[in-house]
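By letter and in written order, the chains are A, B, C and D; residue numbering begins at 1 in each of them.
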Amino acid sequence: MGIFDRLANLDRRLIFLVIGLAVAVPIILKIKMPIRISSEVRSAYETIENLPEGSVVLASMDYDATSAPELTPMFRSFLRQCFRNKLKVVYTGHLAIGMPLAQFDLDAVTEECGAVYGVDYINLGYRPGFTAVMIGIGREIRDFFAVDYKGVPVDSFPMMKDIHNYSDIALIVDFAHGQTAEYWIQYVVSRFGVKMFACVTGVMAPTLYTYLQSGQITGIIGGLQGAAEYEVLVGQPESAAFGMPAQSIAHLFILAFIVFGNIGFFITRRKK
Amino acid sequence: MNLLGTWIAAGLTIAILSFLYRDNPFYKFAEHLFVGVSAGYWVIYIWAFDVQPMLVDEFLRQVGIEKWLLVIPAVFGLMMMARWFPAAAWVSRWPISFTVGIAAGLALTAQVQGYIIPQIQATLLPVVSIGATTAETVGQSINNIVILVGVICALLYFYFSREHKGALKVGSKIGIVFLMIGFGASFGYTVMARISLLIGRLTFLLQVFGLR
Amino acid sequence: MKRDIPLIITFLTGFLCVIAFFIPHPPFGDLQQRFLVWYAIVAGFTMILGLDSLVKYNVKKITQHKPGWQYSYVLLFGLALVLVTGFQSWFKYNTPFELRSSFMYSYIHIIVPLQATMFALLAFFISSSAYRAFRARTFEATLLLIAAAIVMLGRVPIGEMISDKIPLRSDWLLNVPQLAAKRGIQVGVYLGGVVMSLRIILGIERTYLT
Amino acid sequence: MFQSIFILGLLAQPPANVAAFDTPNDEGSSITVTWEPSPADSGNLFLFRGYEIYRSDTPTGEFKCVGFAAAGATRFDDSNTDIQDGQEYFYVVRALTSSGHEDSPVAGPVASSAQWFNTQRVNVLAITLLISALVIYYIRRARAGDRLFVRKIAGLDAIEDAVGRSTEMGKPILYSFGLSYLNEVWTLASLSILHRVAEKCAEYSTRLLVPHYDPLVMSAAQETVKQAYAEAGRPDLYDERDSPFLTADQFGYAAGVDGMMMRERPGAVFWQGYFYAESLILAETGHSVGAIQIAGTTSVEQIPFFVVACDYTLIGEEMYAASCYLRPDPQMLGSLKGEDLTKAMILVFLAGAAVLGTAGVLSSHFFDYNGLNVLFENVVQWFNTF
């Protein structure tokens, strides 16, 4: 087996090792790189900036630990932006297993911003059957969420007094690692005419461009790059911004592997 | 206590990563633990956020007819267990029909209103779009043409009830070109997402070992 | 009778949801809302079916000493552990989701790292599949490769360091041809979905009743 | 600055042109109030707090506050539960300024009512009816004996091959629905494909493993396999425990299926259903055990990974067509034909609209004629969903 054959058929475990190192080394060395703000992130950011004080934002947590590295920084930046602009946040979710995870960030950021439970934000918890819940809130949120995540009646909280359905909600922000962003758009944005933007993983983002172009959503914050941009816009760069160098270097290595693979492939094919 | 938890987490992280080398007892242990634990978690969750608040609590809270109407979904739910008894298995079709019917009814209009109509609307584009500068005019016109051709040809590829010959063949070939570019772009975008996850995990591990 | 009643149920519930969409007048909206609540309740009962199957499968593995039966103990142990801590925390704090509870402890130190690491495996798998599959074998494969390479560079800071054209090209690829392809596929998929829903409501599609 | 506050304080005026009307396209018990912003509503939240909306049964009676609208708002939907359809109400909008408040004149009387048709959804109705009509028409034609054609779909012919090769190697088959639920349309398409795979497995006496994520899909799949085995004359082969529920957690499921593949070493793997990120974990592991892989999914995000890692992929709608192709009964073929015709109409419509739009742009640019532009705009507007 010649060198080019070998280049065309590398053991995948070698690739695994190199990628592992390509990510780990920049993290250990704390390399830094500049961040460019894209228009879809900026317009998402501005959607919140343009909301009048006191508006209600519905945040839907539709991710779990698996996509936390991408979505947690977005969620934290989102909360900071909302509380800074004196908006009210109603927090619910459609992914049972992820809800408590976001709770940590919620607790941390609300403490940092001095937001008060039941006045500035509320956690309604989870109900199964997401399309039913989404459409149901269009009539009366209490039909599904009569109590908050700890079982306390929502009517005992001052901020819920005027919140009944989507006409009381100025904006929906979905933090999604799956299909839910599209469900929100199809079942709620179109039907009830609420504004929305989506914070999604890098996988989901490309699909959402169709909704952005058609004007159904006002912005996309996609993947770790989007999260880093959002952190920079909100003015508190954290984990996303610090992760980008590792990201860049890993991409370069993957490209290098593709190039090697093709060189090996072409040369061995010519020999045959 | 937290230190123990952190080391459990680090140990499980490494056990799963070991799968990259090959299947081994550590991975098998972590895998089986994962399946069991997540199933248990799911049960608690469904109970805490569904059955308890929507059925049990509501039943205790409501009065009159509203209270007794709640018996219907409960009975429907229990009917699903009928498949344990072959003679009565057919009863389990009722709740299934109910859920399938609701979902089909909601999906029918939601897909028309939520996707088909707005996406057709967004594809209603003039071939020429006049901008402020010549460069803008050319740029926008090209974009419009590419979107139109792309959507039309991709749809042609999904035309099933006719043999792909002649114009249909050319159209669907162009459609495939668009599909491939689209898949490539998605793949490239996703690489980013995947590496991000590894960054998150490795940052955790390196923190545990004091390297960051 | 065994077949007709389920078909009638499907037709009535499906048709009601369609009607309620177009007719705001009572009683359709109320009825649909009630059905949606019922639906959520019925969905909750599936957990009994799932638990039953999982436990049966593993108990059988253990009793018959199938290969790897020892690990079924691990699985059942994990399941029992979470159920016990869950109900114990519930009893103690009135909710299992109190962050100090033993249930949340197991969530944070077992489930979270397992999920996150399983997902992180993707970083490795995507690299190896990119290496293996992205060969310029045919014209179509070459397009796939080039588009992927441009977007991979365009989405990270280093792409801009190489050339400031790269992010622009990558954005164009995502916003124009990528969008067109996705829209083409999706319009087809959703049309198919509409027609399938129609077949279900009309009782033509009945695979779910086998 | 002080001067402007002074002036605003003096000029603080109530909201103008307050109008109250029955909220359109709703189920009653709701009245919409609109107004023009108070001149004091300048966007400065220290100077202007917002609007309070008051309602009463009589124009001079006691008004009670029914809601608050933030500064900048010009509309409020009063849908409090105490509104009775048919009963007349009167409204006042109060502007809350830095120096106090200013009330608008009384608006009304107004009564709420429920509507029989949501006029905003005419377009949805029209398109839904169009699709339904075409589908039903072709189903009837097919029933009446018209022969309808379905083009070959590459991945489907591979099913038989894959099962055959797996049998030769003495290996089982693995089939997964991914993270599908029973009430989703692709799951039903996948059930048809499973039926075919199960038939082939029964024919070759090959073991079929179907691990599950959703208990309801599990029940339906078990029944499907059982039925297919019975139809193939091999009911004895069926074992319920070959299609177990694993867990309803995405990666718990992926870990479980990966483990199953590593230990059972299937010769062919079918990924048919809805998949999320786990698609590539599954497909790469499937590749590493050397299985032939046939994927099919409507989740556009995951199609690229299947295309890259599997031998065959049913892309999007091909999966629906597959269920018609595998069960070529007239009703299925008829509905497929109806679907295709809808597609053709969309294509023709898009092309026509492009011509109209272009003519509109050119005629207004070169000849200052705007008629075509307006027509095109109207066509586009017809598709508004809100």
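By our rule, a contact is a pair of C-beta atoms (placed from the backbone, for glycine too) under 8 Å apart; a residue touches a chain by one contact, two chains touch by 3 or more.
All of these numbers come straight from a predicted model, not from anything done at the bench.
Engineer: Quick check on this structure: which chain has its C-alpha centroid closest to the centroid of all protein C-alpha atoms?
Structural biologist: Centroid comparison flags B as closest.
Engineer: Could you pull out the chain whose C-alpha mean position is farthest off from that of subunit D?
Structural biologist: Farthest by centroid: A.
Engineer: Roughly how far is subunit B from subunit C, centre to centre by C-alpha average, rounded to an integer in Å?
Structural biologist: 4
Engineer: On a C-alpha centroid basis, what's the spacing between subunit C and subunit D, in Å?
Structural biologist: 14
Engineer: Suppose each chain is reduced to the average of its Cα coordinates; what separation in Å results between subunit A and subunit D?
Structural biologist: Chain centres of subunit A and subunit D, defined by C-alpha means, are spaced 20 Å apart.
Engineer: Enumerate the residues of subunit B that touch no fewer than two other chains.
Structural biologist: 16, 19-20, 28, 30-32, 34-39, 41-42, 46, 50, 54, 80, 83, 96, 99-100, 102-104, 106-109, 111-116, 118-123, 148, 151-152, 155, 158, 179, 182-187, 189-192, 194-195, 197-198, 200-202
Engineer: What are the residues of subunit C that contact at least two other chains?
Structural biologist: Correct list: 18, 21-22, 29, 36-37, 39-40, 43-44, 46-47, 49-50, 54, 68, 95, 97, 107-108, 111-116, 118-119, 121-128, 130, 134, 144-145, 149, 152, 155-156, 174-175, 178-179, 182-183, 185-188, 191, 193-194, 196-198, 200, 208.
Engineer: Give the residues of subunit A touching no fewer than two other chains, as numbers and ranges.
Structural biologist: Residue numbers touching two or more other chains: 12, 16, 19-20, 23, 64, 66-69, 97, 127-128, 132, 135, 144, 151, 189-191, 201-203, 206-207, 210, 213, 223, 225, 247, 250-251, 254.
Engineer: What's the contact topology between the chains, one of line, ring, star, complete, other?
Structural biologist: Here the contact pattern is complete, since every chain touches every other one.
Engineer: Under the stated contact criterion, what part of subunit A meets subunit B in this complex?
Structural biologist: Per the touch definition, subunit A meets subunit B at residues 13, 16, 19-20, 23-24, 27-28, 30, 66-70, 96-97, 125-128, 131-132, 135, 144, 146-147, 151, 185-187, 189-191, 201-203, 205-207, 210-211, 213-216, 222-225, 239, 243, 246-247, 250-251, 254.
Engineer: Give the list of subunit A residues in touch with subunit D in this complex.
Structural biologist: 12, 52-55, 64, 66-67, 97, 162, 164-165, 167, 177-179, 189-193, 201, 203-204, 206-207
Engineer: For subunit D, which residues count as touching subunit A in their complex?
Structural biologist: 45, 50, 67-68, 70-73, 77, 79, 249-251, 274, 276-277, 288, 299-301, 385-386
Engineer: Show which residues of subunit C lie in contact with subunit A when the two form their complex.
Structural biologist: Per the stated touch rule, the residues are 29, 33, 36-37, 39-40, 43-44, 94-95, 97, 99, 104, 107-108, 111-113, 115-116, 118-119, 123-124, 126-128, 130-132, 134-137, 145, 149, 152-153, 155-161, 167, 171, 174-175, 178-179, 182-183, 186.
Engineer: Quick check on the complex: what are the subunit A residues that touch subunit C?
Structural biologist: Counting only subunit A, the residues touching subunit C are 10, 12, 15-16, 19-20, 23, 33-36, 38, 64-69, 97, 99-101, 103-104, 107, 127-129, 132-133, 135-136, 139-140, 143-144, 149-151, 202, 206-207, 209-210, 213, 223, 225, 244-245, 247-255, 257-258, 260-262, 265-266.
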